[in-house]
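In the two assemblies presented below, subunit A is common to both, partnered first by subunit B and then by subunit C.
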Partner chain A sequence: MLFRLECRKIIRSAAFLIYCVISVLFFATNYYNDCKGGVYISSGEYKIVEDHDLIMDGAVNMLAGEYTSNKYVCYPFGFYKAVHLRESKQEKIAAYLKEITGTDGKEFEALFSGGEKYYTGSSDQPIYSFDSIPVAEGFSYDRFREIMADVDDMLGGGSYYDPETLVYNYSRVPMTEDEAQAEYDSFLKEDRITGGLARLFSDYAGIDLGILPVFAAAYLTSADRKRRMHEVVYTKSISSFRLVFTRYAALVFTMFIPVFLEMVAALIQALFEYPGQDMDIPVMFTLPTFWLLPILMFAAAMGVVITEIFSPATAIFTQVVIWFMSTMMGSAELCGKIGRFTLICRHNSPANRAEFLMNQDNFIFSRFFWAAVSIVLVMIAAYVYEAKRGGRFNAIKLFGKGGILRRKA
Partner chain B sequence: MLSSCLARVVSSDVKHNFLIHYLAAAAVLLATPVLFGLAELDSRMSAQPLEIMPPLMGLILLTPLFSPEQNEGILETVRSKRMSRQLVTLLRVICALVLLAILVCTLGGYMRYNDCDVTAKMLAGTFAGAAALGALGFFVSAFTDNVIAGYMVSIMYFIMNLFLKNKLGKFCLMSMSFNIEGSKPVLAVSAVVLIAAALLFRKLFRNES
Partner chain C sequence: MDNNIIIRNMNKFYGRKQALYNIDLTIEQGMFGLLGRNGAGKTTLMKTLAALHKKKNGEITVCGVPVEKAKKIRSMTGYLPQDFSMYPNMRTDEALDYLGALSGIPAKERKIRVEALLEKVNLTEHRHKKVKELSGGMKRRLGIAQALIHDPRVIIVDEPTAGLDPEERIRFRNLLCEVAEDRIVILSTHIVGDIESTCEKLAIMDEGRILWKGTVRELLENARGHIYTANIEKQYMSQIKKEYIVTGIVAQADYTTVRLVSDAEPDLPNAVLTEPDLEGAYMYCLHANGCSVKGGEE
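And now, the complex of A and B:
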């Protein structure tokens, strides 16, 4: 009964309408647009191969160029940043380069004076690039990764030497025609079309689901406060635990409706694009649900708990920061990089089944982990609600009257 | 007499209602050199920080301008005053836009000082984009009577710009980064239209004089 009432309240709110419009717009402009005309995998598209020689060769030449120019390009927050190192750190890099190339003294200087020189932007400092710096014979890849990790640390992260992205940065090779055909066959036969499409769908939908629910949760709470409903609800006999969980369940349920309808739309599109082909229809619903529901649950739970403890604005700010960190940082690699604690999993391709399966354990773990975190957060929210209801707690205000950061007169 | 009255309105509004938003917008400005490299960039690279950070300032400054009266108690008090509410809102918009212009110019000045290829035209375009995003939040919060809805639409529009890139055509906030011609005048006009529409809507449907 309460669940139905709450669902009706959410569906009639302006926030839900805006949520639906934005969600559909995202779906139409991203997924639907990408899949129009069917999936096309051509030769010349890049695929990742873990070739250690290729990685070491690419990274050492890149490092040589950046070291000689003393201008290291990094993307610590997903945006361009040029880092210039102090003399002592430059010397450390030089020592690493000597170790990797197996050269010393004059030999090293001769090797590093042969770079191609050019200028970029409005800078009068030259940039150098190298393509023939050799790696010492038999140099171990493990040691190389250690060095790269230290270099990346010195640069503050997000550099071209981050051990996590070495494979992506230096070991991508264009697919041959046969390989592209094999990839397409895998999309048709192993993924049975919908498997690949479901991954692409989830990838796109996860971006907006990582943030939109927090607004709806904050909106509903602020609407309650505005209409002074708290006082009325506080006096009812329903337990705080049941009330908070019912409201949360209603929030998650209603917000999943547009996502479900988008799955139906995606399936209809697939049926039109691949008429008469063998398809695994249930996977178009099961995979996105498993993938997206924890994201939606977490964003909504954050909205509920932080609004309850602090304020709606704090909830929005916190979730924006979390969303930014999970999507924008390390955004170069959109395929095959799913960690055990990744909230918004990315796999921006209907193909590359093998890369996705490589991280399947991490993927499954992360889904259960975030779902469990969400439930714990809602339990905290219920506890806080109970404390507020009993008059033992009155939310932590940061600013304004009674705020902890307010300047005392 | 009138000017001193208006000055009192502005100073009291800034002190009690919007100082925290002004500080937040300034914090976005201070965060820019942390997130981006701002030295020796060509015009295309300079466009990236200019088209990502100032729109955030715009949405922080313009979206919450109706928030003080969301509290029913304050609304009732404000309604009993002779002072036109539309005038007060307009003063808030002007203050927010002036501060936005100062922040954009400061960012541009800092970048120029660091040998970036930033022109006055680029700064004008940056201001137009920032004002347009803020005006969108302002309009939605005026329309729905809820500031959170305003933030929701403006933040999501910003995110759509990050992901859809040039698919938004002339309404793209990051037109300098993606080389879209003629977008900034469209954004400037949109900002003016949205602010005017919000005020008109409040006048006609919320009985604000």
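And now, the complex of A and C:
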């Protein structure tokens, strides 16, 4: 069976060995270390509550700052984008702000002249921030959500005003001691320990799975050419779709092996740390698999498709950029917000079960979305492979001699 | 079923540069040699036949199948490229098994075929060696085994003997002759000796064109009356090389015997007409077709 032969080929490669070593080191230094001696949940940690006043207060001050700066930060599909609005749209935002604050004319201008002004990076455009813009008394939360939805539409989506994420962006409060105790009880009873640990495990593993597979995928996809055996493979009768998909499936399967073993290690650690406690054993495998597999699938698919079209170096560079944006910008919150298009979901805590459940729909959607994107990418890779195989396409060279992006002297 | 490869008015371009010009060729069952200098277009023609390159126009049918039907062509063609290589850390039998899997052969059948082919190419005792541990000759034999793994009707081998020692070269040629008994084998080479000892029919290529096609005997006949030998005093050698296409030099004690190609009887003492050999016939063919030939010139 070709799949078995491909797996054997991957497992014997240096790229796979390096991948395993880094993955295990990452697991040992992060998750394993965090959970050594058992997890603790302390007062002072933040939790999400649905407080309409908090949401309206936070959102209106954020909108005031972005409106005054005319720089709206958005994360469509999880990627950073700064939006600058035309005058007519700015006027519409101003009208909404007047409606929310219940001010007009000079009163509105006075309110908006009190912001803190600062500069970022090398830009000479000032950025404003506000923390004391009031919401008109008795202003309806339903109307507020309508306005936020329209503002988010105007900005192209993924803004801080997306009604789905308002609660995660603006409604966080520190836990009291009693609340921390309640959270811990929830960790023991509702999550049955492994539920919370599985989330924490997935959070950590998602970070390295967003980047490491691309190295192995790019290396192994280019191996035939590097070994000068691509022409021999091209002349074999296997279809390009079958070959590319089998190799991709073998990549994903083999690269999931160390993750699976880490899950086993995490479970053994939990059994040692919480002897005799009631635990949900299967969730230690099911949740991380559902959480992490799409991340691994996407990173591997990027490695395959970009290597086929361009080169292994371009594939790695592209995925590094996506990974950086996804982990550092798109998912700036370590806990809580999971958008419909979040690739690397974060939940850096064994607690906050309720908060995670609030995102469940988005979480499920995002997993299926990225898995589907990965399959589409591999289909493109198979199409490109077939074209290369028949001499109808050569990989596009970006840099170096003959590269399309090469600087002319 | 049709057992020929038929090429009609085929042209091939790399971007704007034309690589093959109006190729017209019929290749029948048995060994067929494609002879030409490096850069003559042999590899391009081989790759086009193996559906690795797209032709610009013209027609190619391989045993009745148009070359555009790549999947079908792949299933009936075995290809051994000039610089055959495999994953260096794979074992010899594993490499063959893997390429058999890529040819869609079921595991059970693959096992039998791998055994048989290793035997055929005399690699059975090296089956557990890693590919990187094989000698150049062994690698080529592994190459021919992989080309045969799916029992194709056509085998295309590109410069298979380059870099092999004489013993391995003879062994490889014999192997090719064996496999050509019941299929078409196209041997592309710039080494005349390879063609001489294996092929009955051949074509000569230069600069993307077919210069000559026919049997080896016809090629020799074509050169008859143009190959001479002469005994020359050593001090005249450089002069001779400038004026004639020298295909062989044998140094004697006080003179040198040269073998040369000439349109007319050379103006040399002792020059005698001699039986053409394939090397001389090939050089004469190039010369007669207006190709610049520098045989023997230093």
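Note that the second predicted complex is superposed on the first by the 268 of 409 C-alpha atoms of A that agree within 3 Å, B and C clash if a C-alpha of one lies under 4 Å from a C-alpha of the other, contacts with A are read in each partner's own complex, and residues count from 1 in each chain.
As a convention for this text, a contact is a pair of C-beta atoms (placed from the backbone, for glycine too) under 8 Å apart; a residue touches a chain by one contact, two chains touch by 3 or more.
Quick caveat: nothing in here was measured; it's all calculated off a predicted structure.
S.K.: Touching A:Y219 in the superposition: subunit B (first), subunit C (second), both, neither?
M.R.: The answer is first: A:Y219 touches subunit B but not subunit C.
S.K.: Touching A:R228 in the superposition: subunit B (first), subunit C (second), both, neither?
M.R.: In the superposed model, A:R228 contacts both subunit B and subunit C.
S.K.: By the touch definition at the top of the document, which applies to A:K9: first (subunit B), second (subunit C), both, or neither?
M.R.: A:K9 sits against subunit C, while subunit B stays out of touch.
S.K.: Going by the touch definition up top, name the partner, subunit B or subunit C, that contacts more of subunit A.
M.R.: After superposition, B is the partner touching more of subunit A.
S.K.: Given the touch rule stated above, what does A:A82 touch, subunit B (first), subunit C (second), both, or neither?
M.R.: In the superposed model, A:A82 contacts subunit B only, not subunit C.
S.K.: So, does A:I211 touch the first partner subunit B, the second partner subunit C, both, or neither?
M.R.: first
S.K.: Who does A:K236 touch here: subunit B (first), subunit C (second), both, or neither?
M.R.: Second partner only, subunit C.
S.K.: Name the residues of subunit A shared by its contacts with subunit B and its contacts with subunit C.
M.R.: Overlap of subunit B and subunit C footprints on subunit A: residues 223, 228.
S.K.: Can you check the complex and tell me which residues of subunit A touch subunit B?
M.R.: Residues 14-15, 18-19, 22, 25-26, 29-30, 33, 77, 79-83, 120-123, 125, 207-208, 211-212, 215, 218-219, 222-223, 226, 228, 312-313, 316, 320, 328, 399.
S.K.: Which subunit A residues qualify as touching subunit C in the complex?
M.R.: Answer in residue numbers: 1-2, 5, 9, 12, 223, 227-229, 231-239, 243, 389-392.
S.K.: Subunit A touches which residues of subunit B in the complex?
M.R.: 20, 35-37, 39-42, 45, 48-49, 52, 70-72, 115-117, 140, 144, 146, 148-149, 151-153, 155-156, 159-160, 162-164, 167
S.K.: Please output the residues of subunit C touching subunit A within their complex, sorted ascending.
M.R.: Residues 47, 50-54, 70-71, 74-75, 77-81, 83-90, 97-99, 101-104, 107, 143, 146, 150 of subunit C touch subunit A in their complex.
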